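Everything below concerns the one structure shown next.
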Amino acid sequence: MATLVPLAQAVAELVRDGDVVALEGFTHLIPFAAGHEIIRQRRQELTLVRMTPDVIYDQLIGAGCARRLVFSWGGNPGVGSLHRFRDAVQHSWPRPLELEEHSHAGMANRYVAGASGLPFAVLRGYTGTDLPRHTANVRSVDCPFTGETLTAVAALRPDVTVVHAQRADRAGNVQLWGITGVQKEAVLAARRSLVTVEEVVPELTPVPGQVVLPGWAVTAVAEVPGGAHPSYAQGYSVRDNDFYRAWDAVSRDRDTFRAWLDRHVHRAGAAA
Amino acid sequence: MATLVPLAQAVAELVRDGDVVALEGFTHLIPFAAGHEIIRQRRQELTLVRMTPDVIYDQLIGAGCARRLVFSWGGNPGVGSLHRFRDAVQHSWPRPLELEEHSHAGMANRYVAGASGLPFAVLRGYTGTDLPRHTANVRSVDCPFTGETLTAVAALRPDVTVVHAQRADRAGNVQLWGITGVQKEAVLAARRSLVTVEEVVPELTPVPGQVVLPGWAVTAVAEVPGGAHPSYAQGYSVRDNDFYRAWDAVSRDRDTFRAWLDRHVHRAGAAA
Amino acid sequence: MMTVAAARQLRDGIACFVGIGLPSTAANLARATHAPNLVLVYESGCLGAKPDRLPLSIGDGVLADTADAVVSVPEVFNYWLQPGRIDVGFLGAAQLDRYGNLNTTVVGDDYATPAVRLPGAGGAPEIAASCREVVVIVRQNPRTFTARVDFVTSVGYGTGPGDRERLGLRGGGPRLVITDLGVLEPDPVSCELTLTRLHPGVSREQARAATGWDLAVAEPLTTNEPPTADELAVLRALRATAEGSRP
Amino acid sequence: MMTVAAARQLRDGIACFVGIGLPSTAANLARATHAPNLVLVYESGCLGAKPDRLPLSIGDGVLADTADAVVSVPEVFNYWLQPGRIDVGFLGAAQLDRYGNLNTTVVGDDYATPAVRLPGAGGAPEIAASCREVVVIVRQNPRTFTARVDFVTSVGYGTGPGDRERLGLRGGGPRLVITDLGVLEPDPVSCELTLTRLHPGVSREQARAATGWDLAVAEPLTTNEPPTADELAVLRALRATAEGSRP
């Protein structure tokens, strides 16, 4: 049964230095507030996992929390590049960042394998590309029936997965809807999980398109209204496209970025 | 784009002698009316595929439509045995019936592989049981990362899958909800598909727990109100448990069964 | 008494994979008495179903209506059962041997021409493989409790100690076999099913006579508490909801 | 003109896998003009999205709100893209070679210390592998149209004829490359991208000068019809909905 705890306590208990941490949310429901709390608690040496590292990972990388990034597409959607990510890769600032990169199909299937308790997943993918040359987690497997050679990807098993959802009830049952991405798989693949929610309600009224994660499959739930900003929570907020556009200028310069981080993450948390 | 056609025409066009035919619906939404139409059109030599062959397959088998059955659990749920199925296996009446049997997990994953365009699926299953000795469609596969030996099942690719759903719109988009079982996978795994629906509506109002099959992924839709009876369509009907109980007596005796079939299937169709 | 004994095995808050019939009755009895937070998982995809009446089939509408989540059948097996998220799996059988291997496929020596064709495997092989522990509920007689099962549908302890590990089965295997006569548990060393408890009014001789092998008996052999008035009242009320379905 | 040329390629009723930016604009232009039944599939899991404004990201709420179905990300790749259900996939690239192989990963000789780190693969490798055909939309200049891509993120025709079959890629590969100068198509024999059409006002010399290899030119080389007034009006109206997003 998931416990309901404040965000700071949940991050303190569930996210440890050196962990493999997945923050998921496919454009929608990105757990920004939890990411900021990880920065505030100055976690180090994390392996950050995410299909689409976007602004929240740019912030975590720029803050120096990450040693390694496992991903399939790193950019500011609809805007352009992630400058902190590029600065880390191209100039090792603020520290070197190891990369392990995949395709979306590969990452999604790695989570599926993790959620399924299997060591690998099979797909048609990567063939003929240069991607498999740079990771040990893509190999081939022969079909035992047809002999056809297919691609195998190793299961992802994060130490902790963090996602944001619209609602939870007091038993920790979690409800999300709209674009639900790979969150169910990412939570079920992880050893521990933290879900931040817009609100805790007495009862989860069914909603079309919902995904429900039973409380007994989640470690902790923290109520964090607006915890997905500047991404959005369908039914609660809209995407703050201006923030994404403004991030381009903020993140281009190291000092501007540091000032932003200090003001909007470190001091914002201290005041809360 | 799915075409909207009468049931008799749909079965005439889509279900052919000798086909591999899957009628799916996990206790809920079982396409009885379509099964009866297959009997009325006296299809022969079918390979019938279904996780839970229950009363509708008892009827198809007793009517002599099937040469082979691929399944994972054959019984009258909550009541007992399927007497026509047993008579076919134990006494070759009305004709011999070849069996290929699996576990539920195996069948479900065979459909998943078919829907995914893969020749096989990987699972933890069958190990240590006598099931793999009697089918060529269960083998082992070694994980290319850990070396662990897992089970592989061959993809299922029915020639035609038939399911029942609550609603469709005029473009053939199909909506079902409640227990949705393995229907999406069975439809997507098949070369052709037929969906019978309780009603065709101008617009599909979203419903919690819904599965929507886009019209461009379905071959034909036929409006057949009550087409799941004696199973049920959540929101439209309740399960006719008395029918399932009564079937036990009807199906025990060959003559009683034939009389039932003549009256409730052959003549019912002729009148329609 | 089988139902009551089975219900008592279910601790509150655990997740339990339930088939229809006795297991479903037992699980719902437990939920209505000492285990209100028992999580019932049905292979039809209903997670956390809270039926207010006994369902006749595992696809009964009341299961979907009351579930925390309804998922697809592939998902219930791949994401929920296979990774070992389910604490207890309930299984029945037409035949069972001294190592708790189960047969629900065919009776008779020849698979192709069986004496009795049974329903088959269903979810059982993977429930037996992957649940943290398995509880078998089965009536005890020499035909059912047989030295050798005609077909291994679901693996208990295979041919003895170490077999589950060798086969890569990650669940714990049968922890209890609950019959109409008493309770059997695997010997911690030999894995052989051993009579550990009798139901009230049953003798060890009756139990041994109802077993098709030389049944080991634990010392001391205890006797189960008879059903309480409360258990019986709840059970009767539950069965009354089942629209005349068999107990 | 790139957007209009791309939109014209989309026949009504087909299913189209759409990324954000130019492909999304082109697909929505087609839907608003000659192809009202075009099925837009976004990798965020939105099948049959019918946005009434241009989404800024592939996870925009308007896509989920207007979709026929919203499915999980694993499902959109495994059940919809991988089996070949999508007719046309749109891709962009930072580099492209004469066989239509695409790079969106790194620019520079050394993967570990790249000159420019690009976003990476996303859905592109499997879109390139599995869609029945691929349309590439990319601006044409010698830096982008390069003799050898620094990294093969997505396979076009590999090293030439037969390579896709050898690799087991089941989609047809790039059918068209639409640039700001014209249109290239693979030669049916050699698979080499060949200039087949120019946009109005562009010369073949301009196109050859903007290509980092010795660009083959089809005879006769035709010129695209300029955008119609209707196409331009719809395109302007669409872009006005995009909240100041880049064209």
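In order of appearance the chains are A, B, C and D, and numbering begins at 1 in each one.
FYI, a contact is a pair of C-beta atoms (placed from the backbone, for glycine too) under 8 Å apart; a residue touches a chain by one contact, two chains touch by 3 or more.
It should be emphasised that the depicted structure is a prediction, and the values quoted were computed from it without experimental measurement.
S.K.: Sharing more than half its contact pairs with B-C, counted by residue number, which one of B-D, A-C or A-D qualifies?
M.R.: Comparing residue numbers across B-D, A-C or A-D, the repeat of B-C turns out to be A-D.
S.K.: For the chain pairs A-D and B-D, which is connected through the larger number of C-beta pairs in contact?
M.R.: A-D
S.K.: What is the distance, in whole Å, between the centres of subunit B and subunit D, each centre taken as the mean of its C-alpha atoms?
M.R.: Computed value for the inter-centroid distance: 40 Å.
S.K.: Between subunit A and subunit D, what is the gap in Å from one C-alpha centre to the other?
M.R.: 28
S.K.: Counting only Cα atoms for the centres, state how far subunit C is from subunit D in Å.
M.R.: That gives a centre separation of 56 Å.
S.K.: For subunit C, which residues are shared contacts with two or more other chains?
M.R.: In subunit C, the residues touching two or more other chains are 78, 82, 130, 170.
S.K.: Using the touch definition from the top, which residues of subunit B touch two or more other chains?
M.R.: Residues 116-118, 123-124, 148, 184-185, 209, 211 of subunit B each touch two or more of the other chains.
S.K.: Spell out the residues on subunit B that touch subunit C in their complex, using ranges where they run on.
M.R.: That would be residues 26-28, 51-52, 71-75, 77-78, 81-82, 85-86, 89-90, 101-105, 108-109, 111-112, 123-131, 134, 148-149, 178-182, 184-185, 209, 211, 231-232, 234, 238-239, 241, 244 of subunit B.
S.K.: Which part of subunit B faces subunit A closely enough to touch in the complex?
M.R.: 116-124, 137, 139-141, 143-146, 148, 150, 152, 154, 206-210
S.K.: State the interface residues of subunit A toward subunit C in the complex, per the touch definition above.
M.R.: Those residues of subunit A that touch subunit C are 1, 115-118, 173, 184-185, 188, 211-217.
S.K.: Could you pull out which subunit C residues touch subunit B in their complex?
M.R.: Those residues of subunit C that touch subunit B are 20-21, 43-46, 56-61, 63-64, 70, 72-74, 77-78, 81-82, 105, 111, 113-117, 119-126, 129-130, 151-155, 158, 163, 167-170, 243, 245-246.
S.K.: Which positions of subunit D touch subunit B when the two form their complex?
M.R.: Residue positions touching the partner: 13, 15, 37, 39, 47-48, 68-69, 78-79, 82-85, 130, 170.
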